[in-house]
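Alright, structures below, take your time with them.
The following pair of complexes shares a single chain, chain A, combined with chain B in the former and chain C in the latter.
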Partner chain A sequence: MYPYVTHFTTHDLIFMAQGAGITLVLTIVSGILGTILGFCIGWARSTRSLILFYIFGAYIDVIRSIPLIIQFVLFNSFMAIAGYPLNPFFSGLITLSIYISGYVAEVVKAGIESVPKTTKMAARGLGMTYLHEFFYIVLPIGTRTVFPSWIGLMLGLMKDTSLIAVLGATPPELLRSSQIIITRIQQPLLVLLGAGAFYFALCHMITQFSNLYEMRWREALEG
Partner chain B sequence: MRLWRADLIEIKNVHKSFGDNAVLKGVNLTVTKGEVLCLIGASGSGKSTLLLCINALESIQKGKIIVDNIDVHARETTKSRLRQKLGIVFQQYNAFPHLTARENVALAPRLVLKKSKKEASELAEKHLEYVGLTDKIDAFPSQLSGGQQQRLAIARALAMQPDYMLLDEVTSALDPELVGEVLDTLRMLREEGMTMIAVTHEIPFAREVADRIAFFHEGVIHEIGEPEKMLNKPEKARTQEFLRCIL
Partner chain C sequence: MFDYTFHWRVVLKQWPQLLKAGLLTLEITVMSILLGLVIAMVLAVLRKSENNTARAMAGMWVALARNTPALLQIYIAYFGLGTFGLHLSPYISVLSAITFNNAGYLAEILRGGIDAINPSQRQTALGLGLTPLQAYAYVIFPQVLKVVFLPITNQIILAMLNSSMGMVIGLQELTGMTTFLQSQTFRPFEFYFAAAVIYFLVAKIASTAASLIAVRHFKG
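Presenting the complex of A and B:
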């Protein structure tokens, strides 16, 4: 324990940086899980199967229509009621992954559908199978098309991780750790300004990373 | 002319419709190895659909298409294997935009013919040289002109070493000054005895290279014959009318 003070200390800064680290971990892990799940769902919906189309359509509809904060509470409580109480942090992580998968699925489907039918026909005309066509033609072309939308989702996800606070998950992520400091030093503006700066830094990192990729693709295409 | 059954494309009473719209209404046609057949006719008369049916990119509702003794639309036919025999080139080039010219050509030999990366790359070099694109070998499609993209598409189809080439209005999307280079490539192919079925609006070209010209009208082959006869003295009124409109 460090002595009780009512001003912003180096400890507080470190505490917030740790919170930012947790935010980043939440974003990356749920981003990866949600993207894998969303990819499978989007792919399934792009096939000719009407059953998959409607089942996953309902899934996406439900997920996108209920506020995330409610989903956190409901999922966590239902797991507990069902006899599988989860650590709030993991429960939150799973909820986030499922939540973002609904959005990713639609982006993936849009990417798959963005590839012209005639390009796919050309691939088939060369004797390629459906899987050849999908992995060597549709996926690379579609990815380049929807990559910016996917990055947009990941930025949204990063900010949505703050809602995990309703579960009282520990370790606290950035917003929650900021609130803890605010409670002590009673200087909300100062601390929130700092938290905002942290969020900005994290998002800016992702944006820069995505710009780098987009530039590389454009260079490859335009020489 | 050889007339072995294993050496030809036979189209027997083929029907195809999209919903209520009947596009092919009983097409009968035989194309032998080494022959160049040009299909002419108004837009929407079903010429392109017929090409797609020949290599099973479209299904048919009635009739039969037999390529080298293989029933194209039979359930047990492996479509991807069949399509190796039938190179197809489309009106809209359809180059793979994320791959260089070399990779565009090398991809299918690598995936479908299981060539090694090196073999496929050499194959690509050979075929790109054939169509005169050696200096563009590492260029992306977006850096190529329409004519170059279309020659790339031809090289890509040839790299699969097909027995037949199906050409769907390959010059229609090109600027007039670029048509020549693509037709030159096709002339070269003809010299080598490649069997071709070409949907085309280039009547002078058809006159020059075709062994036979077929006039497509209302979902059937309305009239078919040698270029001389078809273009100078067509028998049927519809054919005469069509030729009068476009010549």
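Presenting the complex of A and C:
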């Protein structure tokens, strides 16, 4: 054990670094799960079936209109009521995946619809089935078109993982670790600026990378 | 599976409290959007100016607002500013943090809108003898409004969702009031479900009204 000191120690830095790691783990895992789920929903919405369009449209509408804090607590207490109480970390992970799947579904639908109709008709004219056309023509073009939007969604997800503290999830992520340290050393600005620097550095770097990608893709389209 | 009896009577008894808190949420949302729009217009204009310092400062505001979590911004406003002796109430700190956040996102939206307009509009307006302020107020921003109306509606709903984070610092807006009430009655699911329904209805009414206005005033 370390002695109780009221200044910022190396141990606190390690604690915050662990919190940053938990943030990244949460972002990546719920990002992957949410993208897979959102891809299926977006694909379903882009087909010509009206039932699927409206049912999943309602799903996306509900998820985008309710604050994330309320979604966390609602899902957690619903699982408890149903008789299967989950570890708050996992229930938070599942809620984040469901939350981001709503946004990813819209982005995927936009990507699928961004492929020019002439290209699709040409593919079908060459004898490709719907699945052939989807996986070999629509998906590569659509993915490149909406890649920057998807990156923006993942960055938003990383910023939203800070809300999982409201469930009391056990390995604390970055903002919750900062809060824990602040209650001891009573120097909020220092610790919060440190945590903010982490979020800012990561988001800014990835945004610059995605802007570079978009510029190159734009040049490749025109050149 | 469900050996749990739902007790909705408790929620119905506290309905006036929930609605009052909902009004506070609406108040925070509307005020933060209006203030944020004013600041965002200034930021969007500054980002296009020739003055390097102005451009850098506006760019810094937008980058900070967009790349940090809203919860962190609320914490800095409530806890962090105390280091400088500036002790804000929960209401003012949530309002200022969400205004800061909104200003950043709205400045990006307005910048996209200004870019979508023919740049010769600005040059012609300045060439006709309008001051820059008049050029932006009478020529550019009315055209920008048509382009950015739907993204701004989106941002209004996001501002309402961000206001729910006021719960963490003890502000009694809808989420905070719901947490307070469910801690008294031990019925979290019923209360949070009611709060979710209120949020959903408000967001639905706002987006439907926005699309009706868009169709009527801007012809789609």
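Here is the rule we use: the second predicted complex is superposed on the first by the 202 of 223 C-alpha atoms of A that agree within 3 Å, B and C clash if a C-alpha of one lies under 4 Å from a C-alpha of the other, contacts with A are read in each partner's own complex, and residues count from 1 in each chain.
We take it that a contact is a pair of C-beta atoms (placed from the backbone, for glycine too) under 8 Å apart; a residue touches a chain by one contact, two chains touch by 3 or more.
A quick note: this is a predicted structure, and the numbers were derived from the prediction, not measured.
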Which superposed partner A:129 touches (first chain B, second chain C, both, neither): first
First (chain B), second (chain C), both or neither touched by A:50: neither
Chain B versus chain C as contact partner of A:137, first or second or both or neither: first
Partner chain in contact with A:73 - chain B first, chain C second, else both or neither: second
Partner chain in contact with A:204 - chain B first, chain C second, else both or neither: second
First, second, both or neither for A:65, with chain B first and chain C second: second
Residue contacts with chain A in the superposition, chain B compared against chain C: C
First, second, both or neither for A:163, with chain B first and chain C second: second
Those residues of chain A which chain B touches in one complex and chain C touches in the other: none
Residue ranges of chain B in contact with chain A within the complex: 52, 55, 57, 79-81, 83-84, 86-88, 90, 92, 94, 96-98, 107-108, 111-112, 139-140, 142-143, 153, 156-157, 160
Interfacial residue positions of chain A with respect to chain C in the complex: 61-62, 64-71, 73-74, 77-78, 81-83, 155, 159-160, 162-163, 165-166, 175, 178-179, 182, 187-189, 192-193, 195-196, 199-200, 203-204, 207
Contact footprint of chain A on chain C as seen in their complex: 1-4, 63-64, 66-72, 75-76, 79-83, 157, 160-162, 164-165, 167-168, 175, 178, 188-189, 192-193, 195-196, 199-200, 203-204
Chain A - residues contacting chain B, complex: 116, 118-119, 121-129, 132, 136-137, 140-141, 144, 220-223
